[in-house]
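Below are two complexes that have subunit A in common, paired first with subunit B and then with subunit C.
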Partner chain A sequence: MDFSTFTQTLANAIVSGSIYSTVAVGLALGFGVMKMANFAHGEFFMLGAYVVFLLYGEADLPFPVAVLAAFPIVALIGVIVERLIFRPTRGNVLAGFMATAGLAFMLQVLVGQIWGVGLPKSVPTPYMGAAQIGGAFIGWQRLLVVPAAAAMVFALWFFLYRVKAGKALRACAQDPEVAALQGISISRVTMLAMFIAGGYAGVAGALMAPIQPVTPYMGHDVIVTAFIIVIVGGMESIGGSVLAAFILGTIHTFVTTLVDGVTATMAGVALMALILIVKPEGLLGRTRA
Partner chain B sequence: MLLEVRNIAVHYRKTAAVKDVSISVADGTIVTLIGNNGAGKTTTLRAITGWKHPSSGEITFDGQRIEKRLPEQINKLGIAHVPEGRRVFAQMTVMENMEMGAYLRRDTAGVRKDMEMVFHHFPILEERQRQLAGTLSGGQQQMVAMGRALMSNPRLIVMDEPSLGLSPIMCQEIARIIRQIHEQGKTIILVEQNARLALSLADRAYVLDTGSVLLEGPSEDLKSNEAVKQAYLGG
Partner chain C sequence: MWQKLLGLGIALALAIAAPHAVELYQVEILIILAINLILVQSYRLVNTTGDWSLSHIVIMGTGAYGAALLSKLAGLPFWLTVPLGGAVAAICSFLIVFPLLRTVGFGFFIASFALGEFIRLIWIKFNNPFGGSRGMIGIPPAEIGPWDLSGMFSYYYVCLFVAFLSLLVMYRIDRSRIGDTFKAIHTDPDLCESVGIRVPRYRAMAFVVGNFFAGIAGALMAHHQGAIDPHNFEATLMVYLIIYVVVGGVLTFWGPILGVILMTIVFEATRFLEAWRPLIAGAILIFFLVVMPGGVEILIAPLARLMRRIPLLRKLVPPEPGELEQEIGYATEPGNTTGQDHA
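Right, the complex of A and B next:
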C-alpha cells in the first residue's frame, strides 16, 4: 500500500467512522432507555436516504434542506412506531425482537412497493469536486459527512450532559423506577429517545444518499455493523459507540481495500467476539452492580 | 392526618406482599414501620409513592386520593422516596443527582435554597459535588439519596432502610440527620431493620408481620412491649 492509497483509505475510514457514529449513538440511546435492541434502526437510515431522494432528487429542494428535513420526518416515524409497536412489548425481550425485526421487513416492503425495488435510486451529487489531502482525493460530498457527524455527536453530548431533559434521559437509562420517583415521566423520556434515535439515523441516511445506492434494503448492512459497534462500545455507552464506530470503520475500510468486503465483515465480527471474551461489558461499558 | 393508608393490599403477580395495612401519619411526625424481612414494609412504602399500585384499599395524602396515581404525579404533590439500597444515579455526579431530585421544580430560587440546605446537612456532598455518585462510599451514597429526596422540597419523605449496610458510626450520623430534617418540619416515614434505632427516632410505630399490622402505638410504648422486645430488640 503506497502513501496515497493509505491516506485515501484513512480518509474513507474517517468518513465511515463518522457515519457509523451517528447511526450507532441512536441505537445505543434506544438500548439504554428502552432496554430494547431496535432491529428497525437500519430502516430509519434507509428512510432518511429516501427523504433526500424525494425532496432533493425529485422535488429539487436544496440538498441541505432535504438533509435537515430528514431529521423531523424520520424522528416522527420513530416516535410513532415506538408508541404503536414498541411500547406494547415493553419488558418482553422476545416480543420486542419480533416487533422491531418485523417492522424492519414491513418498512422495506412498504418502501419497495411505493418506490420500486429494481434499480437503486440515483441521487445526483450536490457537491462535485474533491479535496486533495496528502496525495489522496476525497470528494467534497464524503468530506461533508465528517463535520456534520461531529456536530451531531457534540450536540447529543451537550444535550445529555448539559441540558436537564438530557440528564433526565440518562437518569432513566440508569434506573427507570427511581427516575420516575423523581418526577421524570418514563413515557416522555422514551418518546424523546426514539425521536433522537430516529432523527439521527435519518440524517445519517440522508447524508449518505448521494454517496451510496439508495434501495429499500440499504439499512441491512448498516444495522449489522451498528449492532457490532454498540456491542463493542458497551451497549449503552454513547462515548463507547463513537470510539467503536471509528475502530470498526478503520478496520472495515482497510480490510476491504487490502482484501475484500466479505473478509472485512468477518474481521468486524471477529473483533466483536474478541472484545466480548476479553471485556464482556464492552470498551466503555459498565458492569451492572 | 397528612397521610392515611386504609386497608391496602398489594400483590406481586398473585402473591400478596401486603394483605391489610392501615397507617396514619400526622403532619410533622416521624412514623416507623418495623418488622422482619418480607413483612411488607418496603411494599407499603412503594404503594405510597406510586411505585407499586395497591390492588385494593385507599391512600389519602393531604386530602387527595393518590393510590392510583403515577410516581411522577405523587412526587409533584410533595412525597419523596429514599429507596432501599440507596439507588443513586451511579453514572451521574452528586450535583446531577440533586438536580434530578428537583426535576419538576420551576422555582430556581427555592431550588438554590434547598441545595444550600442539603449541603448544610451533608457538607461532604458539597466537597464531592462533581464526583460520580457511584464512586462514593455507602454512607455518602445514602446521603446522596437523602439529599436527592430533599431537593423536591417534599412535605413527606419515606425512607427505606437508610442504615442498611452502614457502619455503626455512619448509622448514628444518618440518625442525627434524620432528626435534623424532622426538626425543619418534614414529616417522615421510616422503614428500618434496626428497630432500636427506628424506635428511638419515631413518634409512632407500626409492627408489620407477613403483610399485616401486628401492633401499633407510640414508640415509647412499643419499646417496653415484651413481644416487641423479644422479637425485634433482641430480648
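Right, the complex of A and C next:
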C-alpha cells in the first residue's frame, strides 16, 4: 500500500467513522435508558434519506433545509415507537427487539410500496468537487459529513452533561428506580431518548442520501454495523460508541481496500463476537449486554 | 391417554389426506410446512433452556450445504445425506456453542447472530466449494434405491415421515428428565447449579441437539429446491421463524406447531397481497409481543376447561387439572430470558 492509497483509505475511514458514530450514539442512548434495543434504527436512517429524496430531490428545497427537516420527522416516529412498542414491553429486552424487527419489516414494505422498490432513488449531489488533502481526494459531500457528525456528537454531549433534561436522562440510565424517586418521569425520559435517537438516525440518513443509493432496504447494513459498534463500545456508553465507530470504520475501510468487502464484514462480526465473549460489557461500558 | 392417541391419529390422517384435498401448487406449501414443523420444534428445543438463538436459520443452512456437498461431491444417497446433514449442523453448532455459553439473554441473542452471520459470510467468500453468493446448484433430487421420490406427492410424504420421526424424538426429549432439566435451567439457573446440575453442559446439549434437527430440515430443503444460496439463510428468514414461535408460544410442545400452521394459513390466505407480506408479518409479530405475549397456546387451557363443561365434549379432553397448566411452571415471554434477573 503506497502513501497516497494509505491517506485515501484513512480519509475514507474517518468519513465512515463519523457517520457510524451519529447512527450508533442514538442506538446506545436508547439502550442505555431502560434497555430499548431498537432494531428499526436502520429504518430510521432510511427514512431520513427518503426525507432528503422527497424534499431536496423532488421538491427542490435547499439541501440543508431538507437535512434539518429530517430531524423532527424521524424523531417523531421514534416517539411513536417508544409509545406503542417500547413502553408496553418495558423490562423485556428481547420482546422490544423482536417487535422492532417486525416494525423494520413494516417500514421497508410501506416505503417500497409508496415510492417503489425497483431502482435506487438518485439524489443529485448538492456540493460537487473534491478536496485534496495529503494526496487523498475526498468529495466535498463526503467531507461535509465529518464536521456535521462532530457537531452532532458535541451537541449530544452538551445536552447530556450541561442541560437538566439531559442529566435526568443520564440519571435514569444509571438507576431508573432512584431516578424515579427523585421525581424524574421515566416515561418522559424514554420518550426523549427515542426522540433524540430517531432524530440522529434521520439526520445521518439525510446526510448520506446523496452519497449512497437510496432504497427501502438500505437500513439493513446500517443496523448490523450499528449493533456491532454499540456492542464493541459498550451497550449504553455514548463515548464507547464513538470510539468503536472509528475503530470499526478503520477496520472496515482498510480490510475492504486490502482484501475485499466480504472479509471486512467478517472482521466486523468476528470482532463483535469476540467482545461479547471476552468482555461482554464492551470497551467502555459498565453493564453486560 | 386415549385422547392423545386419538388426537395423534386424527392429525396424522389429516396430514396424509392433506395433499389430495388441496390444489396442486399448494402441495408445495405443504412440503415447506412439513420442513418448517421440524424447524420450529427444533428451535423450541434450543429455547427450552431460555436461550433465544439467532443463528438457527444459518445452522439449518449448514445442514443444507452439508447435504448438498455430500451428495454432489461424495455421491452419497439421499437416505444418508439427510441424517448426515443433521450431523454437520450438530458439529457446526458444537464448534460455536462454547463461546456462546459465556453469554446469557440479550448477549446470547446478539452473539449467536454474529457467529451465524460469520458462517454465512464464509459461504459467500469461498467460491470453492460453496459457490460464493450464487450458491450451489444441481443438488440431486431425492431417490432411495430404484424409487424416485422427487415428485410433489412422494416428497411430501418423505418430509412428513421425517417430520413425524423428528417430532416424536423431540417430544420424548421434552418429556424426559433431560427436558425437565432444560426447563429448570430456564426457570432458575442459579438454583440448578446449587443442586448440582451442570448448567453449561445442558445448555450446550439443548443447543446441539436442537440444531441437529434444524440441519435435517435444511437437508430436506436442499434436496427439494435443488439449489441453495446464502440468501436462503438470511436474517429476514430468522425473523419469520421467530414469528412462528412467538405466534404459537414456546411453553408447550404444541405452541410452535400451532404457530407455524396458523401463519402458513394466514400467508396462503393473503397470497394476493404477496408484496405486502412482510408488513402483515411484522404487524402480527408486534401484536403478539405487545398485546398477547405467550402466543395462541395460552388459549389451549381455557378451551380445555370450556370443553370439560360441555357434556358431549367432556370425554375428548384429559381430566382436570389440564396437563398444560401444570406444565406452565417456567417463565413465559421471550424477554424473561434477558438474564437481568440473574446477571
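Side notes on the structure shown:
FYI, the second predicted complex is superposed on the first by the 283 of 289 C-alpha atoms of A that agree within 3 Å, B and C clash if a C-alpha of one lies under 4 Å from a C-alpha of the other, contacts with A are read in each partner's own complex, and residues count from 1 in each chain.
Basically, contacts are C-beta pairs under 8 Å (C-beta built on N, C-alpha and C of every residue); 3 or more make two chains touch, one makes a residue touch a chain.
The structure presented is a predicted model; accordingly, all values stated were derived computationally and were not measured.
When the two structures are aligned on the shared chain, A:K167 is found in touch with subunit B, with no touch to subunit C.
In the superposition on chain A, A:T5 makes contact with neither subunit B nor subunit C. In the superposition on chain A, A:R286 contacts subunit B only, with no contact to subunit C. Legend: residue contacts after superposition of the two complexes on their common chain; A:Q132 is shown touching neither subunit B nor subunit C. Looking at the shared chain after the overlay, A:E177 reaches subunit B, while subunit C stays out of its contact range. Annotation: subunit A residues 289 touch subunit B in one complex and subunit C in the other.
Those residues of subunit A whose C-beta lies close enough to touch subunit B in the complex are 164, 167-168, 170-171, 174-175, 177-185, 286, 289.
Within the complex formed with subunit A, the residues of subunit C that make contact are 52, 99-100, 102-103, 105-107, 109-111, 114-115, 117-118, 121-122, 124-125, 235-236, 239, 242-243, 246, 275-279, 281-286, 289-291, 293, 333-340, 343. Looking at the complex, you find that subunit B touches subunit A at residues 49-51, 70-72, 75-76, 80-81, 83, 87, 89-92, 96, 99-101, 103-104, 134, 148, 152. Across the complex, subunit C is touched by residues 35, 37, 84-85, 88-89, 91-99, 101-106, 108-110, 112-113, 220, 224, 227-228, 231, 260, 262-263, 265-266, 269-270, 272-273, 276-277, 280, 287-289 of subunit A.
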